[in-house]
Amino acid sequence: YSTEKEERDEIGVVTGLAWTEVGGEILKIEVTKMDGKGNLVLTGSLGDVMKESARIAFSYVKSKAKELGIDPEEFGKYDLHIHVPAGAIPKDGPSAGIAITTGIASVFTNRPVRSDVAMTGEITLRGKVLPVGGLKEKILAAKRAGIKTVILPKDNKEEVMSDLPPYVRKSMNLIFVDHIDEVFKIALREEKKEVENQESES
Amino acid sequence: YSTEKEERDEIGVVTGLAWTEVGGEILKIEVTKMDGKGNLVLTGSLGDVMKESARIAFSYVKSKAKELGIDPEEFGKYDLHIHVPAGAIPKDGPSAGIAITTGIASVFTNRPVRSDVAMTGEITLRGKVLPVGGLKEKILAAKRAGIKTVILPKDNKEEVMSDLPPYVRKSMNLIFVDHIDEVFKIALREEKKEVENQESES
Amino acid sequence: YSTEKEERDEIGVVTGLAWTEVGGEILKIEVTKMDGKGNLVLTGSLGDVMKESARIAFSYVKSKAKELGIDPEEFGKYDLHIHVPAGAIPKDGPSAGIAITTGIASVFTNRPVRSDVAMTGEITLRGKVLPVGGLKEKILAAKRAGIKTVILPKDNKEEVMSDLPPYVRKSMNLIFVDHIDEVFKIALREEKKEVENQESES
Amino acid sequence: YSTEKEERDEIGVVTGLAWTEVGGEILKIEVTKMDGKGNLVLTGSLGDVMKESARIAFSYVKSKAKELGIDPEEFGKYDLHIHVPAGAIPKDGPSAGIAITTGIASVFTNRPVRSDVAMTGEITLRGKVLPVGGLKEKILAAKRAGIKTVILPKDNKEEVMSDLPPYVRKSMNLIFVDHIDEVFKIALREEKKEVENQESES
Amino acid sequence: YSTEKEERDEIGVVTGLAWTEVGGEILKIEVTKMDGKGNLVLTGSLGDVMKESARIAFSYVKSKAKELGIDPEEFGKYDLHIHVPAGAIPKDGPSAGIAITTGIASVFTNRPVRSDVAMTGEITLRGKVLPVGGLKEKILAAKRAGIKTVILPKDNKEEVMSDLPPYVRKSMNLIFVDHIDEVFKIALREEKKEVENQESES
Amino acid sequence: YSTEKEERDEIGVVTGLAWTEVGGEILKIEVTKMDGKGNLVLTGSLGDVMKESARIAFSYVKSKAKELGIDPEEFGKYDLHIHVPAGAIPKDGPSAGIAITTGIASVFTNRPVRSDVAMTGEITLRGKVLPVGGLKEKILAAKRAGIKTVILPKDNKEEVMSDLPPYVRKSMNLIFVDHIDEVFKIALREEKKEVENQESES
């Protein structure tokens, strides 16, 4: 599809991976901030566990403001909206945790997210990455979408390595992590200004 | 009907399209702002997915305030009310997304919405336009209402082109878009002042 | 009944019309404002659609403050209470829309409502009057209550004219409208001060 | 019972009348104000209709502040608590309306309520008193409790006069009213100061 | 048990009595205040009637601030937390009313509650003590726990005196009250300062 | 597993113990504070009783601010988030009470929690530690995780001593407590600064 080629690295847009009854699927996580009072708006027919994931992600970024170079007062000046299209499809589970956290960090640090990286993994309040399900289907979905780099929970490594056909494993860049800091290093580009220039050069 | 002739380009009134069990239907989206504190009021027996559409639409316009020439402080000075008549008929789904977004943009930019344009399409937080269902019935409903220009999601183009009888296709001006910015360019007129003058001339 | 004779034109009291399984009925809409912060209190065992009607009515009056000669800051200084007796009888539907809107406009403009006028019709956020059901029974209820002037939606005119027995039609003053402004012109008297004088003369 | 003899005219304590499956019953309405922000607290296992009655009563007193000699700013300085013992017995219906209104008026005017007066009747936002059910049983309950003066809705008069045994009617002081102002005149004593003196004389 | 011996008179800890299907039980009511804004937090798997009891208790103490020697502004400076262990056991009913009221009064007056006194009784907003059920079982539970003084509603006196075996009655100090003021006099010690000294002397 | 070796003493991370149908399990309690207004956020698919435990824990720490060396104004400057991974697994019951309390105390005193200590026990508002269930399975879970020190409710001591196989009892350091203060003494290290140095030395 040509649509994939159009994809640019954007602030607040992260490529997650969902497991469905008919296979894996690309799941775009959209995060936007706007003038406000620190409220969190969640849309996309999200279930309770997924809404809690978003709360954990938001709290994690807030509690690590200093480390991420964010002025903590910023959080109170904006409302944050997290949406996961398509709007009418119910979604749930904790596996979008690291993608949501990455989207929030992107929005408050002005660092674009690499659109050629997909990810799945539960986040905890300490930033630990916990194992999730449906890995094989999710990795194949990333492959079908032309995405080679996939970030996965380290505790899923053994399972992935034994379940995934060798020809898939070899064609993909699978990165296993056990802390969200590793995700940020891989998926977040430099602050917007630099990226903008870079873009205009290409 | 003479009622259609009376229609004027108004601020905050957008012509959406709904699919029902007995065919497509014109759906008027009404958006009004009033002195307030930034609250969003939703009426018209709207279901959860449609309410979320309205939240996404509102956040999108807020997050693009600068691009749209809106002072961001305006959002906190008004309450926004979105109503979809008739009040007793339950409505749901994400397909009114671009119409609601256009209505909100109209209200905060003082740009009237073209009453001779109908539209359907899901909106995402990035402004992408996602495909929806019931296209054939919706286009026929627009035609019956004497509306020739219909804005549709680009990802529905192939389906529309193959399903729609050629005589309908030829008599209509079908515009396929994949971003809300294209919708604004087509459906929003210049800022109110100019339009008012124009109206008094006709 | 002598009670009907006692009726005076009051601020905030509007005569609506309800349809019930055993015929039409007079429905008094009571609107009061009191020192507050702009809240809306709704009582009378109202269903969701009727509560939304009240929200639409309130937003309409707020959004037309200038045209109605109301200082917009007034809305934030008062709480508004809308009650529809009798308290224990469940009520629903959009057909009290224009009556509620008239009651709110009355309260904020200090213009008494004509007690010899009954009305039914759905209101939209733009002030359009939409058709409702049970017209025949409602008109007969007004007649029984000694009320001759009834305001009705223009889109119900054909139906009313064909369904209503000629002897009823002739004895009544049926006014068909398609915008709430027409309702205000008919049902709202001059501002309280003048009316008071007028009353004391009769 | 000697307990009845102890009864004193208190501020905020009104004698209502309830209808139950096993006959009528005395229902004490307790109203207290305390430092606060204008909130309304309702307890006593009250149903929705009875809670709405309390809201109507509160709004009525607020909207008539001037006529009642209450500084409207008082309402925002206190929270109001309305309780109807016994706490575990579910109660509902609009018939405590005039009793609750009298209790609130008592609390904000510092006028004690006559403990030798019982009352039942629905209140509207305009202060009208609407008819209620179970009159015969309620009047007998008052009689059993040694209360001779009972305030009742005027629209129940005919029914009461035909249903009540003549020997009961003759022994009671039944007062039929159609506006809450009449209730206040009968049931509210002079402002606390005077009453206190009077009490110490007896 | 030696645990009973350890018991000290504490501020905000009151010994209530519960009735269960397998007999009466001691129920500790814990009340704590902390810096806050006047909010009330209720925990212990409490049912609606018991939560309302706590609201009544809180309002009673607030409305009697002057009589109890409490500066009314104190209530707005603290949040109040009322907990009834054990946390997983559902509890309901109005019979803890006087115990909760005593706990709140203790916390705001700094007067410790006598740990050798148990109590049961419903509270009203005027401070009246209403009768409750399960008296025999509750008194036996107090006896088993080594508590001799039990405060009970006066309206339960006759029932208690006829139902309780004489040998129990004689060994207990049963105090029947009909107003919460009597409870305070019995169960609340002098303000903390004095008590502390007294304690260090023993 | 090498993962256990990595464990460090962290602020706000406490090792709780859960009972499940297939045996005991380690339950990490994560507590984080962030700039805010004193709100409490709870995630981890927690049931009502467990949410109440968290409220009790928070109130306890607030009410003991002085004793714990915490400036009470701190509580209003931060929001507190408590999460119990894994996010999708429903959890309930009061037995995490002392672990949650310890986590909150850790966060506000800057004292790291010993990661080689596990604990289970219900907390009350006075800081009492109440008995819980599933002790044998919980202790075995701690043992399997390489944790030797387990804090338990004193009221469970007899049961634990009779149920637990002697070889387990001997290999473990079981500490029975009846007040949370004892837990703090055992599980909380010195304030962060010292600990940090200590860590860098090892």
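The first chain written gets the first letter, and so on, giving A, B, C, D, E and F; residue counts start at 1 in each chain.
By definition in this document, a residue touches a chain if its C-beta (ideal position, glycine included) is under 8 Å from a C-beta of that chain, and two chains touch if they have at least 3 such contacts.
Predicted model, so just to flag it, every value in this text is computed and none were measured.
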| item | value |
| --- | --- |
| Least step count from subunit B to subunit C, where 1 means the two chains touch | 1 |
| Partner chains shared by subunit B and subunit D (touch criterion as defined above) | C |
| Fraction-based call for subunit F against subunit E, same above half, different below | different |
| Turning angle required so that subunit D lies on subunit E, C-alpha fit (0 to 180°, nearest 5) | 60 |
| Averaged-CA centre spacing for the pair subunit D and subunit C, given as whole angstrom | 31 |
| Distance from the mean Cα position of subunit D to that of subunit A, given in whole angstrom | 61 |
| Interface hub residues of subunit E, defined as touching at least two other chains | none |
| Of subunit E, residues touching subunit F in the complex | 10, 13, 28, 30-36, 41, 43-45, 79, 81, 83, 85-88 |
| Touch list for subunit A against partner subunit F, complex | 38, 48-49, 52-53, 55-56, 59-60, 62-63, 65, 72-73, 75-76, 93-94, 97, 122, 124-126, 128, 130 |
